[in-house]
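Notes for the one structure printed next.
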Amino acid sequence: MTDETPPEENVDVDEKREALITSFSEILGEDLVESQLRPNEDLWLRVRSESWQDSIRAVQSAGFEYFGFLSAIDWEIAPEGRYEDTEFDGGLDEEDDEPVEVDSSTGYAGGESRFQILAQFYSLSQQVGVILKTDVGEDMTIDTIRDIFPGADWHERETYEMFGISFRGHPTLQPLYLPTEFEGHPLRKDFPLLARQVKPWPGVVDIEEIPEHLEAQLEAEVMAAFEANGGAS
Amino acid sequence: MPQLPGLIKGLGVTAKTAGRTLFPKRGWKTLIPAPQKGAVTVQYPHEKEAPPERARGVIALHEENCTACMLCSRSCPDWCIYIEGHKVKAPPRREGGKPRTVNMLDRFDIDYALCMYCGICVEVCPFDALFWTPEYEYSEPRIADLLHDKDRLGEWMDTVPDFLDYEPGSEQTVRKVPR
Amino acid sequence: MTATSDREQMAYISSQAADARVNVELDTGDMTLNIGPQHPATHGTLRIACQLDGEQVIRAEPMMGYMHRGYEKLCEVRTYPQCTTLINRIDWLGSFANEVPFILAAERLMEVEAPPRAQWIRTILFELSRVANLALFLGDMGVQIGALTPVFFAFRDRERVLNQIEEVTGGRFHPNFDRIGGLKDDIPKGWIEETRSVMVKMRTFCDEMEDLLVGNEIFQARCRGVGVIPPEVALGYGLSGANLRASGVDWDLRRDANPGLAWDQIEWRVWTHPDGDSFARYWVRLQETREATHMVDQLLDGLPSGPIMAKVPRIIKVPAGEAYVSTENPLGEMGYYVVSKGDLGPFRVKIRTPSFNNISIVPWVMKGVYVPDVITILGSLYFILGDIDR
Amino acid sequence: MTTLLALPYWQETGIKLGLALAIIPTTSLILVYLFLFKMMAFMQSRLGPNDTGPYGTLQLIAEAIKFLQKEDIHPAQADRRVFRMAPVVVLGSTFLLYVILPAGPDAVVENLDTGIFYAMAVSSLSVLGILMAGWSSANKYALLGGLRAAGQLIAYELPLILAVMGVVIQAETLNLQEIVVAQATGEIFGFGGIGNPFIFTQFLAFLIFMIAAQAELTQTPFDMPVAETELVGGFHIEYTGFRFLLFFMAEFGTAFAFAALASVMFLGGWWIPGFDVDDNILNVLGPGVMLGKILLISFFIFWVRFTYPRLREDQLQKFAWKVLIPLSLANIVLTGIFKVVF
């Protein structure tokens, strides 16, 4: 059991994941919409949302029996940004801020909807992980996978309260973290972050300029003192 | 149910620790109880712990180096640094030069009630004006009093220790604290 | 009708009510016991609503959120260096280990690799925070089931490790020492020798714990066979870390999915236990603590020289992309799913914390146990509340 | 027996009562300071209290003052009368125990002929107080704690009494003074130098007595009724201020009393080798000797307390009924056989 990672494995991983893509496209058939691979790092598969449950089941029977996590992404651009005044963001940025292009499909393995569900699984025998994604349609509903992976129960509840995505067939779909009377879905990009709204950014303050009408006068005063001092400041 | 060895071993461990605490001295002095020495606790108000030199106790400000560039204030994750300043005219550096415009620092406050002691401000400071010091005794009865101004921050400059040497194998250069 | 005073009337009504209460058959059904949010066994503010029949738990439902700080949201309005400040505070007992996967994820997106010396120091500090974290568990488990002394031993000896971490990073609990592309600083002179002696002390501490608790028959009676989690259930719930390995699953991200730290360059082994009960979880963690001290020794021996920072721009903008990096933290698998859009800060960070998954098994594992076992199981699952609630 | 001072009955009784009343706070103070504060601290590499008075000796007095200053809080749903009475009942049972503890040939409040019988009966009174506290607090933790305490104390009363039976058979008396005398005048295989402390002949009974006493005192490993990390204090969870102080005093006062009983029954009580059993000097030296023996026994009680984890309620019951009671019954049979044979 000592750590004897074969050195050639790192080279093999790429092929391992390539092989996974082929095997998954066989198993999932047309449920697999798109896949993307970062060599030696990770593998993304996007499946049709109608067959989310079946795909997870297929993935599980393909040996991916370890449930990592389940969550969602909101691809909308937050209206407030980082709540810092962009005019002065230049102090942090070297170049000017190019406005980030607003599109909802920049994620790996593509996507058509604003919200995407993603879940991660490991295969212990192959020592490889896979990330499954699916789009969430207008009805903001998707099938639950807690019957396949019981650990997904809480993850789905969290996703439900944070993004407002409901899970069909989940028996206890109630808030996990937030109080029951809480309104809104905090992790949606349009949900305002109150802590940053109530207080102005201290970085917005800038150095007070010398009033123009005083500039010449102050300059003369300084120069007079400078010359009186004999050129030593 | 009880098999004695495990239970008795446990008693042995506690007794041994008690012995070590009560009689920490070795040799002929063994029998003199000295719990003050054997206990690992530091009797705080009477004796004080010396935190390591790198400990992030409080941020000290070397005011002469500060150019009011606002970098620290803008990179603070908690927005707890407040800087105000104004521009003044300064005499030229050399003979015949033009008067320069420099920033004068009016206000440099750190709200230690908000500060998370992450040290990003110290790190981004390009002019070596902010330093960590291991000083830790600056608690206040009222939370508003934790907002410290530039004079108070400047006082802490005296407690800033020198930067430490590195272990062999390091390629870092030891920086100097401006005094 | 005679005039009765209010007082008399009230007395009459209450006596009638008392009669009615007595005559109604006493409801001896289930009792709901709220363990927490303020309870010494919940390491913070976890609340477990237990339905009891006598002292037997019929249903246990953890309720969280008392410490939810919304880090995933907060990360979205912060730059990458600012995020590590938050990330320190997720699992506050092993906080250096938290920084590593996040930084590695960012590095992966930037396609930067830290120089070897930085990787080794990272690994050393990672294992040191594992020792500090698990040492507290080893003592705390004792106090959960009634032994007072172990936790004081744990605090005593953990302090030495924390001092070592503080000497390098400047922070005992919140090091904030990892940077994209390397580390903030190199280790100070004399530190390696001190750390070696601390590791010797930690091994003594492990021996003490072995004598004080593991060998103790009462401890065994309390822990053996309590809260058994079979491997297939553990996998389905996504348990990680020692909880998974105590169920006999031989899976350690340090060995099986090493994201680039120095673990593959030293000799060590992964400890597993086939039983899956509370005792197995304690035992595995004890062995892991010991193993970690040996790993630190080896890492200190082989520390390469060189720079500690790769070439990265001063203002860090991470190219667009997605990355999921997880490491084997003291508590289990901690991973960060970072989505970047080429901005100063992450677009979305999903924090996969070990305790969240580990504690989600509570309703399953606590069916039918006794109230004292609830504490044993909670203690042996070992969660940090900041790690659940984020 | 000679009398130390010739006093009218009421004066003598008054003095003795006053002494007994004063002794409970004092004894619990000694135990708490020596063991709970200092010994536990040393066992955990700490120093313990050391600021209040020399070596922190006045710490407990400071804490008592703190407790007295605190607000006396009743839970809204509590049964007030019972809630207020409970700590008094518990402390009362402790107080009654002190009545028969002998510290010298005459240094005893009341030398009852049925001393041990009385001690066992009175000590079990505290269950009542604990149940009252647990029930009247209107708190689920307190209720669980109270019920556990009731089950546990009743279960361990039995081995306690059965263990004492061995001693009683050997000493042929229930009177504590006469048990001391029996040990003082006894001989070990013809050697009478140190008398015959029953710990040698009744070692099994001693062990059972100590284990059962540990359970009676709700000390770890049998502290489920209070169980800080699971019932958060059990039956006294809702008590504050001086009512909690009463529970606290009763806990350590009872520990002292049980240690005293054990030293009387197994270690020869107040007798010092080389003195006559009714020597007047023993009335002066006896209390000191007793105190030494009591501290020795309490040391073991607390050593175990600070080292072990606690058992579970069902394991505790199993241990009482399946191990301790059969063993103590066997001890009685053996003692009887030896008594008849020799």
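The letters A, B, C and D name the chains in turn, as written, and every chain counts its residues from 1.
Basically, a contact is a pair of C-beta atoms (placed from the backbone, for glycine too) under 8 Å apart; a residue touches a chain by one contact, two chains touch by 3 or more.
This structure is a prediction, so every number in the text was calculated from the model and none was measured.
> Select the chain at the greatest separation from chain C, using centres from the mean of Cα atoms.
Max centre-to-centre separation from chain C belongs to D.
> If you tally contacting C-beta pairs, which pair wins, A-B or B-D?
More contacting C-beta pairs are found at A-B.
> Any idea how many Å lie between the Cα centroids of chain A and chain B?
From the centre of chain A to the centre of chain B is 35 Å.
> Measuring from the mean C-alpha position of chain B to the mean C-alpha position of chain D, what distance in angstrom results?
It comes to 52 Å between the two C-alpha centres.
> So the centre of each chain is just the mean of its C-alpha atoms; given that, what is the distance between chain B and chain C in Å?
27
> Round to the nearest whole Å and give the separation of the Cα centres of chain A and chain C.
Distance between chain centres, rounded to whole Å: 23 Å.
> List, in ascending order, every residue of chain A touching at least 2 other chains.
92
> Residues of chain D that contact two or more other chains, please.
Each of 43-46, 306-308, 315 in chain D touches at least two other chains.
> Residues touching two or more other chains, restricted to chain C: which are they?
In chain C, residues 78-79, 149, 153, 156, 212-213, 216, 218, 221 touch at least two other chains, as defined above.
> For each chain, which other chains does it touch, given as pairs?
All touching pairs, sorted by chain label, are A-B, A-C, B-C, B-D, C-D.
> Over in the complex, which chain A residues touch chain B? Could you list them?
Contact set of chain A toward chain B: 84, 88, 91-92, 199, 201-203, 205-210, 215, 218-219, 221-223, 225-226, 229, 231, 233.
> Taking the touch rule as given, give the residues of chain D at its contact with chain B in the complex, in rising order.
39, 41-47, 50, 303-304, 306-308, 315, 318-319, 323
> Touching residues of chain D toward chain C in the complex: what are they?
40, 43-46, 140-141, 144, 220-221, 223-224, 227-232, 305-315
> Residues of chain B touching chain A in their complex?
Answer in residue numbers: 68-71, 73-76, 79-93, 95, 99, 101, 103.
> Within their complex, state which residues of chain C touch chain A.
Listed in rising order, the residues are 64-65, 68, 70, 72-74, 76-79, 108, 232-233, 235-239, 249-251, 254-258, 263-264, 266-270, 272, 313, 315, 320-324, 326, 333, 335, 337, 339, 341-345, 348, 350, 352, 356-357, 360-361, 364, 389.
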